[in-house]
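The chains carry the letters A, B, C and D, assigned in the order they are written, with residues numbered from 1 in each.
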Amino acid sequence: MTHPSLSTRDLTIRFGGHTAVNAVTCDFHPGELTVIVGPNGAGKTTYFNMISGQLMPSEGTVEKDGLDLTRMPASTRARHGVGRAFQLTNLFPHLSVLENIRLAVQAQSGDGRRFFTPVTRLTELAAKAERYLEATRLSDRADMPAAALPHGDQRKLEVALLMAMEPDIYMFDEPTAGMSLDHAPDVLDLIAEIKHDHTKTVLLVEHKMDVVRALADRIIVLHNGELIADGDPGEVMSSQIVKDVYLGNAGELT
Amino acid sequence: MKTLGPMIEKAGGVFLLPVAIAILAFVLIGAPSSWLTLTVAGLSMGLMLFLMASGLSLVFGLMDVLNFGHSAFVSFGAFVAATVLAWLGGWVGADSIFLNALALIAAISAAIVFGAAAGWFFERVIVKPVYKDHLRQILITMGALIVAEQLILATWGGTPTNVPRPQFLEGAIILGGSSLEVYRLFAFIVGVVVYAGIYFLLNKTRIGLLIRAGVENREMVEALGFRIDRLFIGVFMLGSALAAVGGAMWAGYETLITPALGAEMMVIVFIVVIIGGLGSIQGTLLGAIVVALMQNYVGFLAPKLALASNMLLMMAILLWRPSGLAPAVK
Amino acid sequence: MSLLSIRNMDVSIGQYAVLHGLTLDVPEGGVFVLLGRNGAGKTTTLRSIMGLWDRPAGSVTFRGEDISSLHTSDIARKGIAFVPENMGIFGGLTVAENMVLATANGKFDPARLKRVYALFPALEQFWNKQAWSLSGGQKQMLAVARAIIEPRDLILIDEPTKGLAPTIIHGMGEAFKDISQSTTILLVEQNFAFAKSLGRDMAVIDDGQVVHTGSMADFAADTALQDRLLSLSMEEGA
Amino acid sequence: MNRTMNRTLSVKIIALTVWGLLLFSPFLFQDVRQVEVAARIAVFIVLVASYDLLIGYTGIVSFAHTMFFGFGAYGVAIALKQIGPGWGAWTLGTLSGVAVSIVVAILIGLLSLRVKAIFFAMITLAAASVALVLASQLSQFTGGEDGMIYSAPDLLKPSTKLLTDAEGDVLRIFDVRMNGKIAAYYFVFITCALMFWAMLRIVGSPLGTVLKAIRENEGRAEGIGYRVVAYRTAVFVIAATTAALAGAVYATWLRYTGPDTTLSFAIMIDILLMVVIGGMGTMWGAVIGATLMVLAQYYLRDLMEVASRATEAIPLLPELLSPDRWLLWLGIIFILLVYFFPAGIAGTIIRGRTK
């Protein structure tokens, strides 16, 4: 396989006496969609937070294409191509849908520093934002404030923001959480599109097994902050230890 | 007490700061007698500042409410106490310590009652509607401060008010060439007693437990069956009463007060809580003493730079510890 | 009559309806388990019972009395204890102080205290330690101990096994069995094996509604149903 | 959507009408005092708009805005006083006022913009009062409490004949004397209009959206790649610079600078009121807020005086109505506004009644 686009080495974080993520070493490759599974409290979101920069690890490193990101703030990582969507809807509620997307586009292009050119004159910026609006089928809601969108569309907007950042690494934390089953496919289609580009590295935290089955190239399993399984989906899902962990039988095993 | 060991160890460094400042000042000032006078003045001012600031800090810790109008309580306390002392002029000037003390107690009690009542009004009418909205909280409490200052101006007038001091607190003790004002020693003692009282309340009583628990997790305190909103009114009233006592003590210290007193103290009180760290009583005491020592030493060495030096100190401490020296553990 | 019944509970956070029309009956005695995916609304259900949302619609009846408009503290005083997902431990207070706060009048009933010590010996050992210094499992024990130091009719427990080591989970289960002899437990759990070993009755919440309710024994036997409702079974992927 | 656009348009029309009146005010209102009012409105529009960049757009509460206003004013005042009237001295004074503002803004910003908003408010308040105390204490530079009187550059002196008629007297157009006073007014008007226009450009630029994004959701703004502290510091510097420039212009117009005209806390309260009355985060609201407040300051106080005299017989009432109690009423109005109309006039018009 190609060189890893993202790797974590011995990534560890402790809160007080509790080790939430313990020495996770893992490589992720371009064109590969990795699903991270594990029971609640296994450290999946914490692991994500250390990769995208919301948390600083106690030990270990995060590297992207050989560049050490470990001590960089989230904004710098984002500019280096690490994009992250959040589990709870995390938008700019009183800004319009278009403005939300434009923010991500201009962050990527560096236009955010332009302070004297009216937005309306930056046609390239507008065109790009328009493109992502269309890609996520939100065009007819462009002028609505994000807070006024139905929940499903807010999740789509969340994905649109991520796509508009044009990252190399896409990180999704339960993108369909709290969505009714009839809305989830829209978001999953978007993720599938990203995957079919075959150049992007995609990390996905997900609980719903139908989603995992449909999308995963590879599954890694976290349990009590440790990486306990890593491999292709069929192999991982049929392994006994994973089944035990996931069904909570691990307690009876040990 | 055993459990406090590691905490003191951890925090010991920070709490040595006033000592370091005092030693540095000793070297710069050179004359031990001046230094002693200044240090005593600093400590006594520090404890008065502590009285004024502790309520602000407690209220912030418990309810995440920052009351920009807090200094109004200081002014109210000062003027109410001054008025009562003026009424009881006969007792104040009498040659009997008993009558002196009675007048003093009456004045301070009046400040407490007024402060607590004003606190109740503030909490119910001004602050409660804007819980959780910091921007509006800052604006509204600021508005309330303006109104309160104007009310003081309307009631007591713009000219300086004279504060009669009880006879037995006049004069000074001469100690090794330095003169220590009796009033300052008295203020120091009052401050220490109040600090001990608050410390006892917070650490040894059930109400104190609830307050400390509420600072950490309001929701859980409610889920255990307690009304945190009622607790909060109580703390708010306590905090404003303390500020009023601080104002009353300050009035006796200055002996001449103007309605601008609140605004002047507000800035110093803010510097105190920022340096000490919001939400903790120990931090507030530490901040108050550091600020007061600086104020006195610099006031002696370079009079015009006293306030600016505290500002610089605050900036330096924020650089070092962005949430102050000893903030509440959340 | 059920101990607790929820009728048509609606809760929204912003635009997002977390619960819509949730209806649930919890009978008296034993452990009642709430299952469901992440984000299905289980925690929200417990918080609604406890009165921790501003404006929920619908009713909560406890022992025949409508408690939905009561203040959280009054709900607690009706005899409902709450052990939240984050445990709600006061870290700056000692174990003893945490426990004292959970008593009604600041005094321990010696018999109940003895029972707490018996169930969780670690708490007695660290009685005067500050709670933040406890391990995760000990914190969880303290949280549960607070809920049983006074007599209660119902204890709401939210994911007590989250992030805990298997041996501790086992001990916790034993304690729950013991407690449920005298007090009804409403347990939110994602660890199915743990839930299975304790539950007498159960319900599955999905999308803010109860989609299945019945006895735990029946549910545990029906893997097809489990797979449909929880997507927990991973075997099919093979 | 269209209704919102229409409402926004009506706010713009109101604001542009105000600017229009300001443009012609020397011709419309011939009284000296009225021109004084017009100049003050123009300066305060800029001051309030620059404050709105902070509080309304970025969600930063600063109490140091008058400090920067003062830096600009004192810069010009000290330069004109020490060096003498002239554009060279004026430029030097303005630039040094701006430079000091930028340095102090960067210092405060980098030190404290990463902490909670509430800390920031306290720190700026402390900084502002230190500046005020220093201004009154360092009297050999600043004139202390009394402030400084100085001359403006020649062009702007009242005695200057801008245009002369055949006899060499000051020319009158529509009965208005074309002297230095007119020049000074249009100097104020043009510089203020330019600054206001520049701020409109800023809020309409990509940067403007970033500022709003930081106000709405700081963490997410950081997450999509914006260095929040840097942006906050930048907007703090922009606002400080604008305030300093406004101060320089005002000092030039008044030919007097003292704590009461620039640094005092009363002015900070005025700015707060103006921004809240006008509507935070609307920019155009600054025009409405500043205009209403300045008019009230000049004319309502007179009215209070009259009312106070008229009610002399009634107890307490004259005391409350006395112009000295002006701030009391402002405070009460301010509290009520923040409670009931947090969106201000412009915000309420734009958003409509329903929220």
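In the analysis below, contacts are C-beta pairs under 8 Å (C-beta built on N, C-alpha and C of every residue); 3 or more make two chains touch, one makes a residue touch a chain.
Treat the numbers as computed from the prediction; the structure is a model and nothing was measured.
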Most distant chain from chain A, judged by the mean position of its C-alpha atoms: B
Distance-to-centre winner among chains (Cα means, whole assembly as reference): B
Chain C and chain D, separation of their C-alpha mean positions in angstrom: 57
Centre-of-Cα separation between chain D and chain A, whole angstrom: 45
Rounded Å distance between chain B and chain D, as computed from the means of their C-alpha atoms: 34
Distance between the centres, which are taken as Cα means, of chain C and chain A, whole angstrom: 31
Contacts with 2+ other chains: residues of chain A: 93
Where chain B touches two or more other chains at once, by residue number: none
Residues of chain C whose C-beta touches two or more other chains: 132
Chain contact topology (line, ring, star, complete or other): ring
Every chain pair meeting the contact rule: A-C, A-D, B-C, B-D
List of chain C residues in touch with chain A within their complex: 14-18, 37-39, 132-136, 159, 161-163, 165-167, 169-170, 190-195, 207, 231-238
Contact set on chain A toward chain D in their complex: 52, 54, 73-76, 78-79, 83-84, 86, 90-95, 99, 102-104, 106-108, 111-120, 122, 125, 143, 161, 165
Residues of chain B that touch chain C when the two form their complex: 2-3, 206, 209-210, 212-213, 215-217, 219-228, 329
Contacting residues of chain D [partner chain A, same complex]: 1, 198, 201-202, 204-210, 212-213, 216-217, 219-228, 231, 238
Contact set on chain B toward chain D in their complex: 60, 66, 68, 126, 129-130, 134-136, 138-140, 142-147, 149-151, 153-154, 263, 266-267, 270-271, 273-274, 304, 307-308, 311, 314-315, 318-319, 322-323
